[in-house]
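Multiple structures are listed underneath, in structure tokens.
Consider the two complexes below, in which chain A is the common component and chain B and chain C are the respective partners.
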Partner chain A sequence: MSVDNHLLLAQTQKITPPSIEYSSLSPLLIVFAVALLGVLVDAFASRSARRVIQPVLAGGGFIAALVAVAVLHGRRAVLAAGAVAIDAPTLFMQGTILVFALLSVLLVAERQLDSSGGAIVASAAITPGSKGSTAQRVSADMQTEAYPLMVFSVTGMMLFVASNNLLVMFVALEILSLPLYLLAGLARRRRLLSQEAAMKYFLLGAFSSAFFLYGVAFAYGFAGSVELGKIADAVGTVGKNDIYIYLSVALIGVGLFFKIGAAPFHSWTPDVYQGSPTPVTAFMAAGTKVAAFGALLRVFYVAFGGLRWDWRPVLWAVAILTMVVGAVLALTQRDIKRMLAYSAIAHAGFLLVGLAGTNTDGLRGSMFYLVTYGFTTIAAFAVVSLVRTSDGEASDLSQWRGLGRTSPLLAGTFSFLLLALAGIPLTSGFTGKFAVFQAAIEGHATPLVVVALVCSAIAAFFYVRVIVLMFFSDPLAQGPVVVTRPTLTFAAAGVGTVATLVLGVAPQPLLDLANTAASSGFVR
Partner chain B sequence: MNTVPWLTILLLVPAVGALVVACLPRRLGTLAKQLTLGITLAVLVLAVLATVAYDPKRAGFQFHQSYDWISTFGIHYSVGADGISLVLMLLAALLVPVVVLASWDEADGGDTADGTSAGPGGAAAAGGPGGPGGPGGPGGPGGSAALAGTGGEAVGGGGTAVLVAAPPAVPPAAVPPAATVSAQGVQARSRRSVPAFFALLLALETGMIGVFAATDVFLFYVFFEAMLIPMYFLIGSYGPVKEQAQRSYAAVKFLIYSLFGGLLMLAAVIGLYVVSAQHLDHGTFDFATLRQLDITPGVQKLLFLGFFVAFAIKAPLFPFHTWLPDAGAQAPTGGAVLLVGVLDKVGTFGLIRYCIPLFPDAADYFAPMVLGLAVVGIFYGALLAIGQRDMKRLVSYTSLAHFGFIALGIFAFTSQAGTGAVLYMVNHGLSTGLLFLVVGFLVTRRGTRDVGAYGGLAKVTPVLAGVFLIAGLSSLALPGTNSFVSEFLVLVGTFTVNKPLAIVATCGIVLAAIYVLYLYQRTMTGPVTRAENRALPDLGLREKLVVAPLVALIIGLGVYPKPIIDIIRPSVTATYADIGKSDPAPTHPVAAHPAAQPGGHS
Partner chain C sequence: MTDHPLHYAAASGVFSLSWLLIVLPLAGAAVLLLGGRRTDRVGHIVGTIAAASSFVLGVVLFAALLGRDGDDRALSQHLFSWIPVNGFQVDAGLLVDQLSIVFVLLITGVGTLIHIYSIGYMAHDPARRKFFAHMNLFLASMLLLVLGNNFLSLYAGWELVGLSSYLLIKFWEDRPAAATAANKAFYMNRVGDVGLALAIMFMFATVGSTGFADVFGAAAGGVIGYGTVTAIALLLLLGACGKSGQFPLQAWLPDAMEGPTPISALIHAATMVTAGVYLIVRAAPIFNETQAARTVVVIIGAITILLGCVIGCAYDDIKKVLAYSTVSQIGYMFLAVGLGPAGYALGIMHLLAHGFFKAGLFLGAGSVIHAMDDDQDMRRYGGLWRYMPITWVTFGLGYLAIIGFPGLSGFFTKDRIIETAFDKGGTSGYLLGAIALLGAGITAFYMTRLFLMTFHGKARWSSEDPEGSQGQPVRHPHESSASMTGPMIVLAIGSTFAGGLFVLGHSLQDWLEPVAGEGVEGVHTFSPLVLTLLTLVVTIGGFAAAYLRYQLRPVESVAPADSEVTLVTVAARHDLFANTFNETVAMRPGQYLTRFLVWLDLVGVDGLVRGGAAGIGGLSGRMRRLQTGFVRSYALSMLGGAVLVVGALLLVRAG
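Up next, the complex of A and B:
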């Protein structure tokens, strides 16, 4: 008994609490603290005060975290007992996520678009179609919980790209996803569509999380650890039962491909993009993509890097399928948000092409592409939210007829953004595409690039179709109204558009940043 | 020696001009026109000065400038001119002011200049169904276009009315007599922004000069693609008012075709970069460095095809041409002139500048295919042209035949044929440009492109008919006109290396005579067949100013092409010498050496 006791004592003594370097985790901690603070504000502040305090708090938190990220640059360490990796790619993506989150807060905080104010519903719990539902359409309130939810989601995203451990990554995945499921259901108009989106996103998301978790289990079974570095070491050793690691790669892949919206795991994207409040859609489209790609890059480069000859063919197949599905199905869309959703799928495919290069250039290209795509897509959704009818946003494409004649500035901006998404030179979209395609050809994935270019041509067709509609058609008699008051949405759209132009004309500074981050590589 | 950065200035002037003009409010349409004309004339003067400063005897690129742009990918802003690109820049710089003057009234539809009473307003009037009453009521100071603001527009959404501010005041006399213009047409017309049209023209000029000036393959690609956007809007927004569906279709077809070709080229451009990275320690896009690379033939073939398809779509060569007739017919006259006159030359320019020096083995390998396509194009284009009833489509198809000749000259690999081909590019820009302009004047007067609507116009509009004939004769390469020199050089140069092909191609000239003379006969000769043609006005002062320089150059270069040939020839010879192609020795001692000024024969 005493021996037993001694053994127990020895064991408990062996477990030393991990030293946590709080300074390196400061961006994460700041955002997390702001999220908790947001919950408190929502509990105690008055209704009208919340609508001012919450966005300021969230925005301030993001800026503070951004400063922390900037201060941390050059840091390179595995922290918290191997759970979190802070390295140049992590910091690059955390910074990117924070910038996009900041722009999205501007969109969420918008109150000028509608007579009632805001894209977020006043009270999400009221049944659509009931008496209260019609009343709340014009209510000046909003569900201010949206802000803390967004901040929580950002916390998850930042942890997702930093996690060095599959279990932490799973936790981060859930932290980032659960608030998004809720946010998707908060649209003020078209409540049923919004709730359907939330439900669909939740069910499919939960399903994909389960896949991910199952994959983690197999990885543990194979390597005896969930740490990425140890899995990588185990992959290098001979004599293990390889079937487990293959299963693990496949299942983890499913979870991550779902998050980036790659085919055949993309079916949630159009519905969720369409049903969610547009600011949330913008946030999801830009932020989630960065986070999920960050995690995907880390898992496939670090943990499964040794298996690249095994997963490359699968990645090729997924990339080709994603690009084709995105580009072809976008052709048939009548709703502008759905069209942008399919465009997001196609872009996920282009990003996978960069990943298929499996080299440093691919890492650099993907990171650069994520930034360019995020700015453009946030600006595009911001512009979409400006075109309105009495029934909310005029998201049906036919309502955009002749907008180039009635609102040339808005239509011109949107055309520019569409051309950027199509990848026309002198826009950031082209530079981004160039960066990933160059990496892919460098990595001997030339056939993939040819497919990608053909898909770009197909995709260009539906972008151009919108421009045709806006500029070459006559306006409708009862056309939508374009909000022309200078608002927060203008600011977000402006920042996104300017970034799209600048990154197209002078991308060198950002490329340098991405290059430094990529060449220093992931820490293990 | 050349310290003046000519090319950068040539690029900056129209680029800044485009920005300035684009920022003008709509009501300052006249100012936009004057400003654009001034800017384009300044560009022309600069281009001529640059040509004077150019030293044809020196090999390689002159006025060369290079700065880092995106150093991660070894991309430079790097410009330079050799004989080939210089004459094409000159062509672009010449055609743009001509087009600006020709499009003076086209963008807004109000007649402001020279009192041709039936301007484009008449064009719409001819077919429009009954609309709001005549302009007599409101028409005091506003004129025809202002009608939109008072008549049709008052019904439309009030929110948009601000944007439909009446274009600058028009003399009341210019109001078309029978203004039964459809309300829809007027609405559409009045919303066409004049400054935007001219800003697009200036942006296009920037792109055209840039694409010829670039000596960095990436920069070339950027200009190549960026140039599409202004052209796309010119076709889609400023094409025929009544044919909204067709012009959208034509614009999209043009853009998608070009974009598709461009994207294939992008694959090849990136491929070239990666290959260069394998050969050197870092990748580069610098043309001079790339042409020194020794690429394996297999890779060359793939890269060649990437570039070739893009250029073949752009030029266009035979199987890739179907966008051209649509775009040519639906583009506004000015747009069509620039499209066929300069934009399409980018394709043939790309063949001789990039495809041949960068991939000599592949060029050799694919030459028979290209020559075959070229000859098919000569006949196919000519035959289709003969069958057209739409005059603009007809002219577009004649271009297809001409591009066949140019491609033939380029891929014959003799300095004579090559020089002829480059000269052909310039001459085709002049003659087809003039043809499009004259057809555009006709269409403006009558509002239809159908050949059958005309007949016997030589009696009504003798000057117009005369110019039409000169343009046509140049197009069929009559001796004494500019095209003869180039066509002759191409055929002679081809004959020395490939007799059957040259003989077959020569037969194509007969077809050219048919399509031109048949068109002229149907429209200009004989009695006046239609009553509405009896009162057509002849060319006004502005229109005469538009055609005068082109007519002068057509005749002038037909008689004395030496200055242009002197510029072109050394660069072409150097290009072919670089890939180890030298002219075959003449079998009969006719001329001592090919350098004996072939232009002198004409």
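Up next, the complex of A and C:
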């Protein structure tokens, strides 16, 4: 037969559209719809109205999606022609992402931080140093596109953790990343730093996406499919050209390691965390970590589970390097946001320790850890945004000197959060670390746990150093001001702090929830 | 000992209320401590009612036990799961049996009396409420100690008792001596507590449980090896020595007299210091298995009897003499319980009788001290009988009871101990009997000395104005108020009759038999009548010596200097150098050890940490330079990382 006949045959064949169970996709669809609606609102509503409608819309959408997630609990299916998997881990992580997004919206919507309003710039397009930039400094306006961008990003995150197909996963990766690149450049103060952060994040993100996509290609080359389940089946069959699958594991791993900020793919983290508006940093630190880890767990458990003895050594190496880099480099940071960024890197390493256990307990521990870390980190960044000078946030550590005397409540809360990040008992940081390390020991990864404990000890040093600085140094004469009016930031910080305490004292309900989700496992 | 009740019946009916025994005083303490100043005015009432209601409940339970069959009088009540860890299950539960109920009656009964006494004694103290709160806390702790049905509950009570004792010794914390004494008591008790804790760990390690039923079952069943059972018994003994002020841990008890006198009566005479005896009798199935440990108990008891007596002769402080008398009387109890099944009941019997007369003596001493404007030096007393008749009579009955005047408590209980010591047979029996007998004589001497110097002879004080007093202290002694004399009278009645009540018809011995085992009627070395006469002669000898020295000859109002008295007296005045011994053997080496450890910590550990921190800091500073801020170098590092990951995985594949 000639080539034309082939084409003809293809044209005459009927294409049956895949049946889609919209109800099971409802959380995703709700958030996606809200994002589109947000774009419309931004196009048609007045400036002042937007600042009210947008956060309400976004927050309402997240709550509605959260309800949908709750209603869906127990659902377990592969949907949309194998593209999306809805199972207990997916729902657990979607719910987590939504809660963190909700808290982040509170931070973005804050308008009482200084005279001119919140953390988001009035007009991102004005070049710093040009004519309009002086007027912009005092403008009370904000780029309300931030809300739909956030909601789009959340859509991407939720799809990322639900993808059962490497291509869908790639699309989700881009949906979650592109809005974040933009959001990183929207800081009201220190515009140049913010724009630089956005640019770096974009370039390096694109670079890592390329690795990911290359890995997807190799996976297809090996298995003839991009569906996770089929790849897993192919891994079991003998006689395939298995160099492709090893390349695929490596390259997909690189793409995902970049997203979670694991070393040596972490170098964007401090620059981006520092330059981004603090609410966006909080959102990235909590939300992106959950999404990227969700995807990482699914890919490595489902698709590459059969190869775990081969990728384990690499994972160990990455985990160790990440913990060491995070803990050691945080020691010499002078900027509080950079310090928290390195702390985020170290925590990514601890999470990888849980993954290294490669068992159900590891899955449970990782999911629990993600929740505890997200709450603590959002609260920590919320507190950071409250300490300000006339030039925005007082992010230099020396400016926090003696804050315990001038604002004991704030300093006390921040100390508590730092202790949680350090993993001191009676905070969620301890229970989270315990869950992860225990799983790793049971998964015969004891040396990794030893390294993790040493790194925890090193990390404790720089957390406690901040506490010492706040409580045992004399306050600066011209010290920063702690803003006292911002109710929304207080609310977010309060929720995060209370969650940190409650999960430290009574972690069992959430552990049970994570356990149920983990033991039911990923659907294939 | 196969007849030991290893399985306790479940508590039902009125016995299911036994937890209230502990909770009532605990609630009293909680109300008074949490209520703060608002409860100042009613504090003493609340505290006394809490103690009294616990006593009433104790009496009810006792009556209910009387109504049950003899071998069905041990009731265990499960309260809640205390430590529900996998592989380490400890349930909090109570055990009401023949032994614990007599302790409950002693603790709450004497406790209530002393609460009432304290209403008067502490009437002018601004912190009276706190005092009653701490006393209630003590009662609750002590009840937990005797009522727990496992060693861990006992240990919790044991530690709480130590805490409340500490709080009460330092009640007048603005006095440096009181604060020091409290610390000393606490530290020395810790030494003993470590023994108890280790014993419990041994039990758990070998038996897998700390419940009385399990541990005793295993001990009686021979499951535990001889070496282990001896180790457990000796460690228990160490704990008992600490709490009961036995040699070599006796030095804290006399110092503890810095606390208010009712506390000396309640804690450091009648109840807490007898916890050691309780522990040994409770652990009778363990001690029954090891002759070696019992021998050690006996030796410690014998040493302590003499040590307490001898030192008691040398002091002029009325409370110190009574304190050493307590040490020596508990020595008798240890001697008795160390004799094994023959002596357990005797030890308890002497303990109960001692609870009455020693509490009475202390309360009497408190009454005297009150009357003498807080002066405790007997050399400045004398001739007080005319001024405080009730105190004189009640104190006198207590005094007669302790020296073993025929018909009074001590006569019955101490004589039986001396008799049983002789009956042990062999050289050791003679030796122990002789020591116990000698102790009785010396007891008669120093107690007579105390009694005469206080109540009789010429007054060595003056009621005149300072001008007419001729250098003697000015005092206006008077009888104490009814709330103080009332308890003294009750205790005096108890001192008089309790001993006879216990001994006649073997009533207490029969009662305790299921717990303590059957007292074997061994071969008597001497016939009881001969021994009683012998004891009487020795006692009269002690009395006569004291009478000659302190009644017929005048007493100096200032103690003679060390150079004028014998070497023995000097030694006794210095507590037979127990403190010097402790300092040399324990404190100094301890200090050197801590100094060495501090040095090691500074140079070794800190050096390591500082060096490590500096190293990591330097590493951090160098690694930081990799973070250049240039996207190109970031991308390069990512590329490098990717190459490494790919290379590593390919390497794995090749391998």
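The working rule: the second predicted complex is superposed on the first by the 508 of 524 C-alpha atoms of A that agree within 3 Å, B and C clash if a C-alpha of one lies under 4 Å from a C-alpha of the other, contacts with A are read in each partner's own complex, and residues count from 1 in each chain.
Just so it is clear, a residue touches a chain if its C-beta (ideal position, glycine included) is under 8 Å from a C-beta of that chain, and two chains touch if they have at least 3 such contacts.
All of these numbers come straight from a predicted model, not from anything done at the bench.
Applying the stated contact rule after C-alpha superposition, one finds that A:A348 touches neither chain B nor chain C.
Judged by the touch definition given at the top, the superposed model places A:F461 against both chain B and chain C.
Legend: residue contacts after superposition of the two complexes on their common chain; A:L421 is shown touching neither chain B nor chain C.
Legend: residue contacts after superposition of the two complexes on their common chain; A:I243 is shown touching chain C, with no touch to chain B. Of the two partner chains, chain B is the only one that A:F472 touches; chain C does not reach it.
Touching of chain A by both chain B and chain C, each in its own complex, is seen for residues 461. Within the complex formed with chain A, the chain B residues making contact are 69-73, 156-157, 159-160, 163, 184, 187-188, 191, 193, 221-222, 225-226, 228-229, 232-233, 236-237, 244, 247-248, 251-252, 255-256, 259-260, 263-264, 266-267, 270-271, 273-274, 277.
The part of chain A that touches chain B in the complex is made up of residues 404-406, 408, 419, 422, 424-426, 430-431, 434-435, 437-438, 441-442, 446, 449-450, 453-454, 456-457, 460-461, 464-465, 468, 471-475, 477-479, 481, 507-508, 511-512, 515.
By the touch criterion given at the top, residues 199-200, 203-204, 207-208, 211, 242-243, 246-247, 249-251, 253-254, 257-258, 263-265, 267-268, 270-271, 310-311, 313-314, 317-318, 325, 328-332, 458, 461 of chain A touch chain C in their complex. Across the interface of their complex, chain A is touched by residues 613, 616-617, 619-621, 623-624, 626-627, 629, 631, 633-635, 637-638, 640-642, 644-646, 648-650, 652-653 of chain C.
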